[in-house]
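Some structures are shown below for you to check.
Each of the two complexes below includes chain A, the first together with chain B, the second together with chain C.
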Partner chain A sequence: MTDPSVPPIVAPSVDLVLVLPILVVLGAAVVGVLVEAFVGRSRRFAVQAALTLLTVAFAAVWTIVAAVGDRVGVTFAGSVSVDALTHVAWGVLLVLAVPAVLLVLDRTVEPGGAFVAAGSAPVGSAGDRRQNLGSGAGGGADGPDGAPGPAPMQTEVFPLILFAVGGMMIFPAASDLLTFFVALEVLSLPLYLLCGLARRRRLISQEAAVKYFLLGAFVSAILLYGIALLYGWAGSIRFADIAAKIAGDPGTGSGVGNDLLLLLGLALLVVGLLFKASVGPFHLWTPDVYQGAPTAVTAFMAACTKVAAFAAMLRVFLTFLPPVQDIWIPVLSVIAVVSMLIGSIIGVAQSDMKRVLAYSSIAHAGFILLGVMSLSERGASGTMFYLLSYGFATIGAFAITMLVRRGAGEATRLEEWSGLAKRSPVLAAVMTLFLLSFAGIPLTSGFIGKLTVFTAAVDAGLTPLVVIAMIATAITVAFYLRVVVVMYLTPTDRADRSADRSAGGSGPGSRTVSGAPGTLLETTTAPVSVVVPGPAIAIVLVVCALVTLLLGLAPSLGLDLLDVPLPLLS
Partner chain B sequence: MTTHWLVVSALLFGVGAVGVLVRRNAIVVFMCVELMLNAVNLSLVTFSRMHGNLDGVVVAFFVMVVAAAEVVVGLAIIMAIFRSRRSASVDDASLLKY
Partner chain C sequence: MNTGMDQVPFPLVMLVVPAVGAAVVGLLAARGAPARATKQLALGFSLVELVLAVLSWIGFRNWQTSGGGSEGALFAQTTSFDWIPAFGVRFSLGLDGFSLVMIALIAVLVPIVLLASWEERLPQGRTFGGYFALLLALQSAMVGVFAATDVFLFYVMFEVMLIPMYFLVGGFGGPRRQAAAMKFFLYSLLGGLLMLASVIGLYVASGRVLAEQGRSGTLDFATLREIADQIPLSSQLWIFAGFAIAFAIKAPLVPLHTWLPDAGAEAPTGTGVLLVGVLDKVGTFGFLRICLPLLPAASRELAWLLLLLAVLGVLYGAVVAAGQTDLKRFVTWTSIAHFGFIALGVFAFTTTAISGAVLYMVNHGIATGLLFLLVGMLVSRGGSRSVTDYGGVWKVAPVLGGLFLLASLATVAVPGTNSFVSEFLVLIGSFPRIPVWTVLATVGIVLAAVYMLWVFQRVMTGPVRGSAVLLDEPTGDLPAGPGSEPEPVPPAPPAAGGTAVAVRPVSTAAATSGGRHRTEASARRFRFGDLRAREIAILSPLVALVLLLGFYPQPVLDVINPTAQRTVVDVGVTDLPAPLGGTR
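Right after this comes the complex of A and B.
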């Protein structure tokens, strides 16, 4: 009855327990969409916030338990690989996602929430103005005096964040090209939307979303072409098969990689990864998107997207590159140097706090790439440690950016930060701690991160690169210290004078768009004020500061946990 | 013979990529991205036939699904900025720079 020449179809083994954290996160995201439809408007925020926070926390705890129990394996017919790297990546990602979600759900800094109440209302329209004027459309959050406050934010933000986290979890676990691509899209698409949903300065928020979307879609098409070429070269989409073919090619040593399909395919794939990690010459979207997106989303992107992208990069590089590293290490070295230098040199010239942090993230991406390029166990665990320490410091820094405000919006121009230390010494001190950690000063986590990554790179024979990295580090110290100088040594009255100037219409901050007065940069003569953080942001700041100090003083706490034994499963 | 299809696919991909770089209307840019995705699909299906396995065809189906999801998200974003600015030109949106 059956044709003996056709092998019977064997159902793939599916181990759902291994991938339970992914299932829980994506399942909760779907439940979140249903909550939007069925739960009353007044209770929606509380339900969504609790659901998101509990889900992420549960997934984090489950991942830690599974990692301690060493429950590893490859499932879904070889397309998802849950090994030590996956566990470490999930752990770091979810631990960073918790403070990021706390920033998103804060409603004390911005009444009603930092996200727009109706994303569909055109900027400057009557509906757009109404949502901030406290008409309390739809039973909005009540102001402190009991009067109806601004309309509450769109709670679709929470399922979007969960979908993005789900994609970020699949990304480093992906062990075939198809899963890899789908995970990339699942993590990107929600982020495009989240970027465009700011309540204040909606025009630049939407502009950031368009830029991120168009460039992101372009790069995913490029990455996809790389996938097609790799499949064409190897005849399989499994990482294991492709790696075996790369390693087992008869021309190993000199000839491998000359094969045009393999070379082009890997190159296009790597471009896609570097774009997502905002490395080097593929960084052009980063400053604009980091500046335009709602600050909580920027923090989420800066910390979590980087973890996902670099963890996936670790898997791809560790699987594919060792046999052909003679060709690839020089190319990647150039990219790492370009990234460090662009980040540190252009960063010095920035005058907007969020752009300073964006260029800092580009420079750090160059440093992290050194760890990935080491192609060793120490390099892998050093990379993850760096991502953990950088993630906490950057979330903390963006949290402080949310608190410094002028009028209704955030005061992100650097001159508006002058004299912050007098106004609120504690915040300035905590910000200084984060900046010192970015700069890699000893006794902070950033120092240990740089140390582990650089030693791994030296062990891998990348010493000249490490020397350049040291120089770049010195340049970045200059621009972090510049912020510290602004906060501590510049007198406050300068900020007030600059406010007068921009009110006069000649200052750099007085750009407005016709038809949408006041919605763009909201230049006002209102003094810069520092908001007292609500419980959510306070927790984030305390946790980020403690982690930054603790990992600096006792790095073995983190380094031991983030051990990534090779070889990876696939 | 099948290699001809790879050449066609590469040409289509190139046309799409050039379109993304030179066109100024966000919708047209987006359509060029779709052209690139379809060029990749052609490659995938051709490779699938050359290798005699179905992996490439399966990937092509997933690419279609992803492209559809991308359209939903992308058009929503472009609509939002068009309604605010009355323009879908990528040159007009230039508040963020340097």
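Right after this comes the complex of A and C.
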């Protein structure tokens, strides 16, 4: 019966408990889709919001329990490895996903929610106007509470977010190339959609979605090509096999640089990762997408996508690069420097709050890359700490961006923030805290993040890069400081004057707006106002501010938890 | 080794008290407490701090005289607990001679600054509560910088110090305050970040040395000092560069000084006193605290460069100061010249010179503080910062003029004033090791006399003149200096001034006033009068210190000398006695 020349087919070992958090998140996403189909419209929002929050919270708690219990292992025939890095990445990701979801489900800032009610209605059409104005309220944009207000938002947003979170969880755990690619797609596709669902300024939202999708699809193809080349070189898609071949290949020792397949394959793989992490020069989508996407989604992307991408990068780099680091560290150094300089220098010229934060995220991606490049234990845990502190600060900053409004839309132009400290001193103080954290001023979490990452980099012999990073940081401070100046030291400008001035089109944002039909222009002449945050956003702000302070004052709390022992499993 | 008061952790208490004060005052102000109450509360906190400083000084002397410094313990009144174990960072505070005198200087200056700012004309929309809270926060951070005995904590405090100062200059200063504050912040932050790179470098380098003993890296001052010689010179040079740039920006030494005239001129007077008097000393203090003991090889190697910058600063600062027409900028430029002297003393590596440099740091804080306050009082009276708007002020305000003369003489370091002692010590201490640099710097003394007396002569002596002094002088008569033209303070109409004596007609039209102003002033009306008793009372402690330390500096030198000797030993050079025997 059995042919001795063919090895018997062994059923792969599958340990579902290890990957339970992923299963729960993806399962809940599927349930969410069913909820869309079967639960009545009026109750859908509550059900979806509760389901999403509970799922993410459960996954977070389970991850922490599993991490404490040190439940690690490789499963699914070596395609998923759940080790310390995975646990830390999941923990950081899920902890950041909770405030991001809270931002998404807030309906106090924008009646009906920040997302469009019917994404299919063309911009400017009668249906589009109706869904924003509400059927009863003819005049004002904001229907008073009694009158039927704007139509409620699409609740598909919630399952989409869960799918994205699920993909982000698989991404750093993937330890073969195909799982890696599938995870990337699972996390990306929902994000493309989410970007296009803004209720206000729909055109640039949709533009952002298309841009992100096109570039993302392109990069997916590049990544896939890289995967094919790597497979062609190693004859296996498993990380372990490829790593063993890189390390053990007789021709590798010194001559590996000539191995074109490996070199090209890795390069294309790295490009895909850098794109997702919005590291310059693969950052071109970031400012437009961050600006156009609904702010809650931007916050989610800025915090969570970065975690997933950098955690996956850690696994790929730590697995593949050590034997060939002589070739790769110089290349990555150039990329890190480019990212830091692009983010900081171009950031100085921005006049839109969301674009400022986008360029800041590009600069930070460069800093984080230093931690990944250290290829050390300290670098890995430093990277995760950086991501945690940066994530909370960035979610908090975007949350505040949601609150500063003009008319029915967000007031994101920098000059519209002038005198914010007078109007709402607490918000201005909290925003300043986040900006100081970005700037890496001591006693904030951002400083400890920089410290850990830069220490790892110096330890790994990347001192020149650290010096450049310091200079780039000083440049970024210039634009963070400008926001502080605008908030504290500039008198409140009269709304109409500034609206007139910008009507000529100064920033890239306003140029997109002018000339667009009604829904886009409705907001530009009303005075700037600051919304009193509802419970969800208030919780987010308090939590983000507390974490930022606490991790700055007593960083050991976070540093000990985020320890990533090497080597990784694969 | 000692029990009792000399081991009370005063540095910690002195760090906490103003911080709490800042929080309380700030919160009260935010809740709309009356300005008077917040001001008194802030003053109360600063006076408590002063009392603590005195107690700390007494305790330190006890510790020193009972042989505390000689038994291997570097610092007195220490506090230390774990902060970030992953980086071997501890929250440690302690005092040596250098830090004690600087902290005492802060403790003396802050109440004076608060009192002098009592009737400051704040920009629209700002409250005294906020202003005083920020001053207290600044005090807390400065105490932290001077008392930190962990390099990491030093760095943290160094950066934190920027934030209150930024808001003080940017929120409460003159017309171009925002640009000045931004320039100050970015300059300092760039320096701070380079210093952070060096802190990290120091940590990694220490880790490599300590790994041989099975220990992990540290940033503790005492440990780093022990292993200082084992760090290879090439690493030391890089680490030194980062620290030196940060300190040279802060001090400021000449090519990196351009933020100071802007920040000092735009800062409100009280803030300016702390900026020039104390905050800048963090730079020279940093050289003494970190560069010399922890990076001795690099310090020896690069001393020539710092000496070059020091002498350059002495000469260039003096020349530019002579050309200033803005009174506040003038004071900052004189300070730049003086910082050159301090740096010269630091890098001469002799006990006498280093003692002199530290004493100079104290004396400069007192003398320049006095000068800055006087300039502030003059400017708030006349409503202009331009030298050309003043003339013959002495005749109008004799007490102001007299004190101005004293402050000027102290700035020129005339014997009998405090600055003379320190300048003298620096020069005779430096001469044996670096005669050429010292001789070059001596030229600076002559230049100091030139710029200081010239300004004094133009502002204080001669006939009463100038649009800032005379009411009936047509304003367009004199070319307005660069500082005066955007001044928001209008050529003060009567009673508009926050200083209650905006106008005091010395002689009304009818009165013949044959008394005090017998000259051409008899029929004219002046914009302002002399210092009031309150103002004289505020200035009197500084005046007393100028004279006291001029004649009897020994108490301060007793505190400084042992630490100076230790620092010279740390650098690893043989001490050279001063030609005159110097100070014991």
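The rule we apply is simple: the second predicted complex is superposed on the first by the 533 of 570 C-alpha atoms of A that agree within 3 Å, B and C clash if a C-alpha of one lies under 4 Å from a C-alpha of the other, contacts with A are read in each partner's own complex, and residues count from 1 in each chain.
Going forward, contacts are C-beta pairs under 8 Å (C-beta built on N, C-alpha and C of every residue); 3 or more make two chains touch, one makes a residue touch a chain.
What you see is a predicted model, and the numbers here were worked out from it, not measured in a lab.
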Touched partner set for A:292, first chain B, second chain C, both or neither: first
Chain B versus chain C as contact partner of A:227, first or second or both or neither: first
First, second, both or neither for A:160, with chain B first and chain C second: neither
Chain B versus chain C as contact partner of A:384, first or second or both or neither: neither
Which of chain B and chain C A:478 touches, first, second, both or neither: second
Intersection of chain A interface sets (partners chain B, chain C): none
Contacting residues of chain A [partner chain B, same complex]: 119-120, 122-124, 177-178, 181-182, 185, 189, 192-193, 196, 202-204, 206-211, 213-214, 217-218, 221-222, 224-225, 227-229, 231-232, 235-237, 287-288, 291-292, 511, 513, 516, 520
Interface residues, chain C side, partner chain A - complex: 30, 83-87, 125, 155-157, 159-160, 162-163, 167, 170-171, 177-178, 181-182, 185-186, 189-190, 193-194, 196-197, 200-201, 203-204, 207, 238, 242
Residue numbers on chain B that touch chain A, as the complex places them: 6, 13, 16-17, 20, 26, 29-30, 33, 36-37, 39-40, 43-44, 46-47, 50-51, 53, 55-56, 58-59, 62-63, 66, 69-70, 73-74, 76-78, 80-81, 83-85, 90, 93-97
Touching residues (chain side chain A, partner chain C) in the complex: 422, 425, 436, 439-443, 447-448, 450-452, 454-455, 458-459, 463, 466-467, 470-471, 473-474, 477-478, 481, 485, 488-489, 491, 554-556, 559-560
